[in-house]
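The data blocks that follow each hold one structure.
Next, two complexes with chain A in common: one pairs it with chain B, the other with chain C.
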Partner chain A sequence: MATWNARYKAGEYTEVWAEMQALGAGIRKPARRKAADAVVRETMKRARGNVERLLAELPGLGYRFQGVPEPAEPDYPLELRIEHALEYVANRGGKQHKANPWSHPALAWVEEEEIEVPARFRRGNLGRSTHRPPDARMSGALDEIERQTGSPLPLAVRAWFETVGAVNLAGTHPMLNPDGAVDTLRVTPEGIDRAVADGAGAGFVSVIRHAFAWGGFPGWSGRAYAPERELAWLRSKLLPL
Partner chain B sequence: MQITQLIEALRQSGPINFIWGAGCSGLEVPGPWRTGRQAEDAAAIDDAHASLLALCDYKRKQILKCRTNWAGICMAELLRIGRAARVLTTNFDDRLVRATATFRMMPPLYRRDYPELRDAATPCIYLLGGAPPEILAGLVGRGAATGPWIAIGCSGKRFGLSRTLLSVSRYDHGLYWIGHFHEEPPAELRDGLFTPERNAHWITGFDADSFMAYLLRGLGEFPPPQLVPKGKKMKPETCLAAFESQRPEGTNLRPIMPAVKRLQTAGSAEVQTFLEKLAGEDELALRAGHSALGLGIVANLLAGHRSPRLLKPFLTRAADLMEPDAPGDVLARFSEVCCKLARYSYGERAGWWYARADAAFAQMDSGPGCDGMELYSRVSRWGKMLVDWACFEPHAQSEAVFERVRTMFMGAIAKCVESAASPVRAGEARHARKAIIAEFIPAFHQRVRTLPAGQALELLAEARTWLEELRTDEDPYIELLARHLFCEAEMAPDRQVELLGQAEEQFRTMLRLLPGQAGAILSNWAAALSQLAQARSGEEAPALCTQADRKFQEAANVASDAVLHNNWSSLLIHEARQRGGRPELWKQARGHAGRADALEAGKGSYHLACIAGERADREGVALWLERSAEHGKIPRLSHILSDRSFEKLRGAQWIRELLDGIFDAGLAREAK
Partner chain C sequence: MATFLERYQDGGRVALWDDLVALGEGVRHELYYADAAAVAAETMRRARHNVELLIQRLDGMGYRFLTQEINDKNHREALGRLAVEEAADNGRAMAIEFMNNALAGQAAPLENPDVLDRPTKQTARQINKLEKWAGGPLPLSLRAWYEQVGGVSLLGWHSTLHPNADEPAGLPGTCPDPLMIWLLESVLEMVEENDDGDEEGEIRLGLAPDETFKAGEGGGGPYEMVIPNPCADGIFEDGNGRTFVGYLRNLFAWGGFPGWECDKNAPREAIAKLTEGLLPI
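And now, the complex of A and B:
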């Protein structure tokens, strides 16, 4: 008999997740856990790929991610701090940090203090409010939620944040998201539904599957005049999960 | 600890103490090669601080070109708004002091004497660059409880800082050490210092500029409001430019010179107010990175017209302000101020002023790039100062000091010979060489009068050899030769007639060549005769006095001025003394001194005081000495103390007190 993962890869996405969900908390039993983890990994691998593609393609369509609004007056001390840290990395960071100075420990405070980097330093890159890659602080936040609720988060939820990170595609586009009024894919630690019972997390997977089915814009579901051409093009770039 | 927590804690606490390290300067390390030390010493210079420590103040200032940075600006603003209490800095670049000056602040700077923190003014800056390490350690160790501490820009390696901070068991108001971005704390502190028990915290993620900007925003306003026009927004770069443009200018003397001229005769209170204001501006200019020459130049100018009592405090302050840049001032105005203060002192204290000027000259660059002409301008002033020191303030080292002058002039002459080899500069070099020799001869003349005859004649023979090098130039050869012959006559009485005959020949040649200056020539001739007469006693003195008297009369018939009458009265005082105090001679002496005084206020007062002194007339002495002082015409203190006219009075307490009232030289105190 084929494994859950093999069946999942063969296209039985909803069936496999439904079977896993049916086991409830039992999914964590050693006998099931290994097989379940393989499916979770595969699902989240596809989800991460999808998110990366959307983040890469949407700006090409003219989509403007919302990010945190730039303050009316720049935060000069912050800008000075960033400038000097970047200068420090450029002078002393070595070749490995030439391409991405933000990964140098001299700039670790940006993540630690959850700094929204001003646009002029991002050079077209996304702000942390659009996409925040997984990190130790995020894991810590999940641990805290588990401690508060007294039960582990569903496997899919935990795996999402440990594989994909926090994502919020809010923004504006004349067709895809006029006036920013359409709901978009938004998965952040702050938005975790703490009432969701322990288990595989099929409900969560179903929500993100739905969001990807709408090219990251689930708000168009059930609405008239959806920009079908753009949505279809986006959908074509994504993997099913 | 996060920055927001830190700022909140500091908001609740009193003013902060800062340890301000090299990292706040962004200093480029000057290599050991720039210290001018020999290779074997260079190994001992292991870092920027040691390199800078090896230099004198002036050279350090030359190397450390200042660039405005936010750390300095923010620190100055925190000092201004009262959030920073004390800054202890080991930096040499004065950038922080410059920043406070730009905000028109002059917090006390502790540079040599360091009070305990609790006794120090707030705000204040401790400049500890040249201090031994134990000073900083002691100040921090004993002052730990005076407020919260921030150590910034510090590596912990120098001044025993790590050890010192560890020696304090608890920082009641907190110790916050700002690391450089992610860098680790010094190894020896890693586990020991940053503990909750000690209330010491290691802060990461900043450099000095950005931390100070955050701190100022948290405790005050960033950018500082003085840099931003009201109601406007300005970018930080624009603020930096605005800051630089607000830096005080150096003192510009041109617009105030008419006022200085007026002050020669204005009331003392007005002079005092003017000089105090100028002193303030000069100090601000110095703190802002300019040379502070204004007060010294003006006080020196006024010293010829106003009393030492009024000017001495300002000249003293001017000396302190001028000293840091003295080695770069080719006009040697610091030396002029020191010489003036030496005139107002005597003995060791006078020597101390000369030594200070000497030290500044010694720091001037006389390296291979310094040619004969440059050397000339320096040597001329340096040599003159040293000759004054050796001749007017005789001391155990006078001979050695004069020998240095001799060596210095010879070196400069040799350098001119070298420069003359270049066809481009040959003419200029020859001219400089002659000018040096012309300066050199009077130095010999001055010196010989302090030596025994035999030694003096040897020196005069050497001077004559140099003098002959000027023979091709009528001017100044003839005048120098005439003076030289008088000097020789003074030292060799057996050849006096012959030498005076030759001198006469020279003066007559001058009268023939420069008929328009006959009055001045005759006056100089008379003064030379008078000087010779005063060097003689016994039978030959009266004849010389008569000759000099006739010559003064001859000069007065052509032109008469205060100098002539003053010199004339000097001769008559000597003659009166020689001739047993004949009343008509005293009367004539008084008459000429009075005439000099009438022609130029105060010019004859000193001789009137001398005449009063000869008669032990206390009121007269006081009256005329005060008058000569009031008009800046009083001679140097050491001259008065050795003047024969006051011989009988010298031991009296009242005259010491009188002179102290004029010179504030501590005579009365010393006598007690």
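And now, the complex of A and C:
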């Protein structure tokens, strides 16, 4: 008898998740948990790959992520603080922080204070409102939600934030998202449905599967005149999950 | 889903160009480039048709096409006449006499490279040279213009469309701003003359003299576009903030003389004759 994960990898995506979901909270029993975790890991590995591909490909198509609007006037105290810290890391941070100075403790406050770094410092990289990779702070926020609800988050939900992070593809593009009016893939800790019962999280997986089936733009589902050329191209870059 | 070219040909031209511009550099993505370049080529094929029609119609209306040099001399003569207060109706006769002498033996406008200098097999090499010098591409619109149309000059004299300063209709300050885009060879020469080897970043590419220069009154800097620009279109800097395609669209709406847009004394009847049946771009 093939394992859930073997069946999942063979293409039984919805069937395996439905079986896991049917166990309810029982999915956490030791006898099932290991097999379930393997499927969750594989699913989220694919999801992370899909998100990374979308984040990499969309700007090339001319997609403009919404981000936080740049202030009309630069926030000089913030910019000077960032410049000072970057200068410090450049001079004293050592080789390991050359490629990514933002990982140096001298810039940890940027993440801690949830600062949206001005575009000129990001050098083309995405802002935190578009993608925030998993970190300890995000894990802490999930712990807090579980504490408040008195129940663990569904496996898939927790794994998403620990593997993929927070994602919001809101933005504009003349075909894919005219005037930013089309619903996009958006999964953030703030958007967690606290009413969802414990379990595998097949409902959540179904939602992100749907979003990826629409190239990250589930708002086109059921709409006329979907931009098929762009959606087909995006879909071709994504793995099924 | 219709292609860009199908959308353009179906009539959504303005919205389609807005979309192409909104794509930014994305227009060069493999998903879009060929389709967008086809739209640019079709747009400029229509522009060429319009330019040729305007030249023919202007010729039929007695428009005298002038080179920059003769145009300047004509305006100097007119200003000289104004200075000695010669009668305005004499001014027109004297201008015609001056031009008849200056233009003797000139080729028909459509065959005259001073009026329309069409692309040649050298054009691709010249565009590549310009892009190499700029360190990046021209916007699709400008590239397509030089591939489809070339150098154009509607500089000249006409008693109502482009009169001299000493004529009743040509009050000083009238700048009809006739269509003029320098030929690529001249643009390249200017680029090479101004190249001090230190150029980095964006470059302001002069494409035409400004309206006052065309009116023989000296003038400021040329109309320019910033290059390199990997987008579908860029701003044609004539002071109106329009893209190059937007500039051409407005220009054709004014029969090739967009300077009349801001003049309540515009010769609307002559302009209506010129614009009738022009292809929308």
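Throughout what follows, the second predicted complex is superposed on the first by the 241 of 241 C-alpha atoms of A that agree within 3 Å, B and C clash if a C-alpha of one lies under 4 Å from a C-alpha of the other, contacts with A are read in each partner's own complex, and residues count from 1 in each chain.
Throughout what follows, a contact is a pair of C-beta atoms (placed from the backbone, for glycine too) under 8 Å apart; a residue touches a chain by one contact, two chains touch by 3 or more.
In this text, all values refer to a predicted model and were calculated from it rather than measured experimentally.
Peer 1: On chain A, do chain B and chain C fit together or clash when superposed?
Peer 2: Because the two structures are overlaid on the shared chain, the partners are seen to fit without clashing.
Peer 1: Return first, second, both or neither, reflecting whether A:G180 touches chain B, chain C, both chains, or no partner chain.
Peer 2: It touches nothing on chain B or chain C.
Peer 1: After superposition on the shared chain, which partner residues are touched by A:Y63: those of chain B (first), chain C (second), both, or neither?
Peer 2: Second partner only.
Peer 1: Is A:E228 contacted by the first partner chain B, the second partner chain C, both or neither?
Peer 2: second
Peer 1: Which partner chains sit in contact with A:L80 here, chain B, chain C, both or neither? Use first/second/both/neither.
Peer 2: Once the two structures are laid over each other on A, A:L80 reaches chain B alone.
Peer 1: Return first, second, both or neither, reflecting whether A:P240 touches chain B, chain C, both chains, or no partner chain.
Peer 2: Neither: A:P240 stays clear of chain B and chain C.
Peer 1: After the two structures are laid over each other on chain A, how near do the C-alpha atoms of chain B and chain C get, in Å?
Peer 2: So the smallest C-alpha gap separating chain B from chain C comes to 23 Å.
Peer 1: Chain A residues touched by both chain B and chain C?
Peer 2: none
Peer 1: Under the touch definition given earlier, write down the residues of chain A that touch chain B in their complex.
Peer 2: 73-74, 76-77, 79-81, 84-85, 88, 104-106, 108-109, 112-113
Peer 1: What residues of chain A sit close enough to touch chain C in their complex?
Peer 2: Residue list for chain A touching chain C: 59-64, 172-175, 225-230, 233.
Peer 1: Show which residues of chain B lie in contact with chain A when the two form their complex.
Peer 2: Within the complex, chain B touches chain A at residues 2-3, 70, 180-182, 204-207, 209-210, 213-214, 217, 222-223, 233, 235-236.
Peer 1: Hey, which residues of chain C end up touching chain A in the complex?
Peer 2: Of all residues in chain C, those touching chain A are 1, 18-20, 22-27, 29, 31-32.
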